[in-house]
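Below are the structure tokens for one structure; questions will follow.
Going by the order they are written in, the chains are A, B, C and D; count residues from 1 in each one.
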């Protein structure tokens, strides 16, 4: 897969407490988390008991300039980057969301997806509640505002007991920041310390950029109150802990620690396993950059076939791009990737990618490499076939669009026109990930959903299947 | 070096003749050449004998949208991307430049630098000529307009005999496109064919994106008239041919053919030579991404030390970025690069970079890698020490700023705090480049300037040296 | 007063039902109502049961372009222009506000001010309601959403019984548009018909622009449901009817019918009364354009002193303006007004303005006219001294800033350096307005507030008085 | 005519020498001259021997913000506002134009039109000159640069001897500002003093805003060098002096002194003459605002018929405006003007306008007033029928479009559906203007062109006539 067009994570979140230039640090944190959401960016900061927020469609560096950051004074701030699905792609749904409540202003940034949001919303609307977004996150603030619990921590705990699904939350209030993670801990959320100030982020790469030290993860089922004196912990649910393996396969940055593990190490491990499960007679191992890099290195290492950079990525991609009116062969892929003839000409190539979504991109890449002179192209995928929709915060195509949900491996091989095709097995993946099936969310590969899905959520998936 | 802050090429040029959607193809060509100039982008297109031009500061994809391209009708177009030096960084100097002349409108896009532009300009001003930019390229159009030669090709030839220095030019006129390259052929310029239409570009990667076939280079001392019937060749000077080796060391994209050679192959060759000249006792070879990748692979291959991705590059960099007010260790570098602790911890690391300019960035990277747990850091540079200013179109720091112009290799090693430091020799570089000294411009390494430099040009360099 | 800097109305509202291009008509309606609010503009349109809204800071013509209007499909739309006070000048408070409720989406545009909003809001927050703006209008939607009345009209009636103050409302829902006016009918709201489609607007000038026919006003205490079959009327309160005379003095456009009367006629009548109450020995009657024009004509008519255009207004004013660093005499006023020396030189001038707020502008104008050669300047004001804060939707200065609240007429005359100064009497004004005191809101002149003001509202005024 | 859509002046110019914040004063000067050109605005300022310029499409207040003005340091600056014809409406032609020449940088701002520009340009191109704009003004700078005169003043004089037509010029150079006016003095240009610093502007209203004192006009055929010691005068041609009467009829601001006369006084005089030449049996005299105001006052005065404001102008007009898709009666006019029913209902109305161009607008206004209840509408025009194209800098419709060039007064009356129609006679106009025919440019009314028109210029007119 290796570049946008397939899976897209919904969000990255960040928070910093009791520090000078809090909004500026939030900006840097979001900058490091940019890969988790490229559609909108927002920061909310607390000063004198009031929360100011700025949200806009676009990249972090485009949304925030000096002027905008200067409108976010205060020593405590949270931030959010979002990649939303086409339909709901609008400023209205950008986060952090901020509301005035009886407990003072509350800001919230959410990574994940609630599976019972519609049901709760209907109940709240019946009681006269007003909604301003179509986002599932808004119900959480309503529940907090309605709780009669004496403390805000208690109100948050009550609210989180009512919602189900995946949520890594950062909540801004007059009492500072609360960070929380669902009982399954599906999405990541890490705690750190920067010059005595507590910080929280989706991935540790945000800590690296701002010079913070990684302390520990927010635990599944835990609410952490970030204070100058450290991390005050509250439990709101019994932890089950089934972190999403796909974070390691594709989403997270390789230089991050996610769920306490190095992402780069996981990927290199997937590649080594893949080499053992699906060896190939070949001359070079070529990654689909950038996400296939570590897996390809692992494959090369294990197979002793030389690693080679046979595809170059154009790093200016990501901005608006005007399609040519004329037909240009493999155009969509070429804007992003170009083969290096010198490297692949006359060679038997092992092409390592992290996943295959619809198959159309893989097909173009294989053809492009053949046209650059490769004799054979053996495709190796560093994860199992992706056959199921994610309901926990990753924006996957519907089952009807997922090629592996509808075709056999051999059919896929034919479709992408590879000389051979091998996927990493679920066992191999889990082995390299270092966690057993029951302690991992592998739903997109196995269809085993650790949090029960409501009928309403399912419908989406089936409706689209029908197409 | 591996990322902006050191050397910067001045420009990339492109042209397409007699094709539908010429401006759209020019846009794509510039997109592929974006790495050659990120400060401004421009396209000029010919229709009904008139030239329309659009130029703006910014990235190609930001400058050109549907609306702007629609203001550039016609079947023939040229384009330009520019990276200019700070002082002259303004829209005024963006190209293509367009003038009405007695021969009709003339548009010009220029990659390179003239060494006698000031002298010619003074002579022209004395005769009453008006200038609108501070760019050296404008004198060429004046010379063409003043030539009494009966044909435009003749006028161009006359003009190019008067100017000295490096120039790869694409000229748009009512007679179509003329492409020309100085007698030394210092900057690249390649010809291709796309569905019967002739095209010209600084690098072949532009041809790949638009589906054109590479035909040949514009020869040193040659003016090529691009026509539907092919390439009509005119000679205006005896060719000397001393192409710039630095294009292969750093500037060009690895997937391009430049001066008829694969850039990726040159770089991998530099890395292999480097391994032989400066071996190291080490556990991993880590490239400084992206430009050090191929050299590092060559080093790893030759040395049999495993290649590893110990540094991750943030690819959202390049846009405006707000510096934090607070001190953050190694901040400037961290925005772009982050070490992968898992990969370097406890290891003896060979760090491969393409060049060292001021030394400050290398120093930060070495420290960053040490802080990520590396036991030893052995820096290997895939080119010789850069000691001299370029006068042929590359925006180098002054000699006073070039660390290698002022310090010994051992002093540099100490400054960047490496356990060892090795530069590729000039001989090794030329050997891998496949050309002898007398047929190559190595001025930035050796101080041997193939085109004589005027006193006025030299002054710049000395004046700044004095600092 | 005659131009911004003194009183500012808070809003203009508009609605159109069951018509093609509803958003486009709303745009035109707001364009005609631009004088009622220049800080933000917004339109909400209903299609397929959903409401889309667009709001932005700025003038109507700057906020809405083709692209934005095309995002507002549907046959029913409402709109709003706003002039808000400095403190709360932000996009957050722009209207129409839109919420999802248990009764479907509700959009609301409000002209006026509620005097018990804070009290209701506190009560709602205590029950867990979330607020997104600091505007008083939001409580109305909460009250509607919480009502258990079986119909939407009933829910609106229940809500409006709870709020007190001035409100002319246009509400958009799946059942179409509801228009309502407080029991005192302080702000205007008129109904019209355009090619069979019902329309509603703050002033009839909006009907003129779109080619609609004025039918009648929404009555005080009435809710009107706009339908294809006409206007369905509901009463929610017993009407008192005390319309704001200041709408006729200054705010409304002279070509509008407001409260069923011609504004131009009222103003001319004020001028005539003024001439009788405060005659002058003079050569010319000069209006402060534009708002003093009709009163000056009335004065000239009655006094038989010739009317003359001795002040020219720069109509490009209203946009951002950069102050010069250097002191320029009377600069602030000169940007907007310039005397015509030819007209005033050597003359005894009667200067007619609609009101004096702080006195500083009048002082500058008098001086400017003297410097242009006037021998005498007799200031005549076509309304009584403004001495009290408006709590019903007009953004007045605090009492401490109102010169007439703190100084006698003679003191004011001295301050503005006029040869004589005369204000229209309350009786004269009411006589020309054609309504008795008890059927008119004259609070800003008399301090007689027809709707009781809460302590909380009063505080604002007193707090600021203390300055 | 009274608002855009008919005649449009091409430009306003301004200059200030040796003053702090010169660019800021230029900005204010242009602001006051905004009515002379609303399409682009530009300022050029001199500092340390270099000229910096900023030009942009749009209103002065939109083009210039703090940031832009801060890029224009220095104590001497010139400015320009432009209204260009549709075809050449582009940034390229915005002024001041700036060039580097052998005499240092030269900036130029021009109001007027040269009638032999094409001829000179062809000659210059043949000699190898490059042109960057399609504006006639550029040839002046070429001629200055090519002159071998020992001084810049001499070079300017040489250049101005070669060009023919109307020009009021402000030239910025290292020697400061030169102001010049063609021998006929067709366009205005006035000199003033502001705190010891010399200033120059198209109209004196610019002096009023910045607090400068009007000194005298630049004389026809004079070049004035603005210096700290005053105005150094050079003659380059024998003065003929035929100022454009249309400046007084329509273009200039009523509060300006133009050609040493009050514009307001001229207009009031035109109105008085008109009343004598074309009396009417009527109840009210209603001006078409704003340009018909003074003439209507004059008419009312002379005829003793009461003056009344029966049409209200929407002053937010002038920005982009989205046309409704649906037909709305008289829409185009209604956006700008709305009748006041109260004022015209049942009345016999004398409608005073400054001119009739195509007749379509007048027709709509007459109909609008009738629909508002007027019994009779008697149209009175405060200038003679406009029958000829202006070649001296005013952007008139072609003769084919000018209704008076093609129809009799009676035909026009029928077309606009007036009860009667009267135009001011040429004699009456000149009488009120106070200058004889031979000392006035009345070309648009009489076809008597004081400066001979080249065939090339005439063609334009004829070509378009043919339509």
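In the analysis below, contacts are C-beta pairs under 8 Å (C-beta built on N, C-alpha and C of every residue); 3 or more make two chains touch, one makes a residue touch a chain.
A quick note: this is a predicted structure, and the numbers were derived from the prediction, not measured.
Undergrad: Spelling it out: a chain qualifies if it touches chain A and also touches chain D; which chains qualify?
TA: B, C
Undergrad: Just the number, please: Cα centre separation of chain B and chain C in whole Å.
TA: Averaging C-alpha atoms per chain gives centres 62 Å apart.
Undergrad: Whole-Å distance, chain A centre to chain B centre, using C-alpha means?
TA: 36
Undergrad: Report, in whole Å, the distance between the mean C-alpha point of chain A and the mean C-alpha point of chain C.
TA: About 50 Å separates the centre of chain A from that of chain C.
Undergrad: Touching pairs of chains, which are they?
TA: Those chain pairs which touch are A-B, A-C, B-D, C-D.
Undergrad: Spell out the residues on chain D that touch chain B in their complex, using ranges where they run on.
TA: 98-102, 125-132, 134, 141-142, 145-147
Undergrad: Which bits of chain B are touching chain A when the two form their complex?
TA: So the residues of chain B in touch with chain A come to 20-21, 24-25, 27-28, 31-32, 34-35, 59-62, 64-66, 69, 205, 208-211, 253-255, 262, 264-265, 290, 293-294, 297, 301, 306-309, 312, 314-316, 318-322, 324-326, 328-329, 331, 334-335, 338-343.
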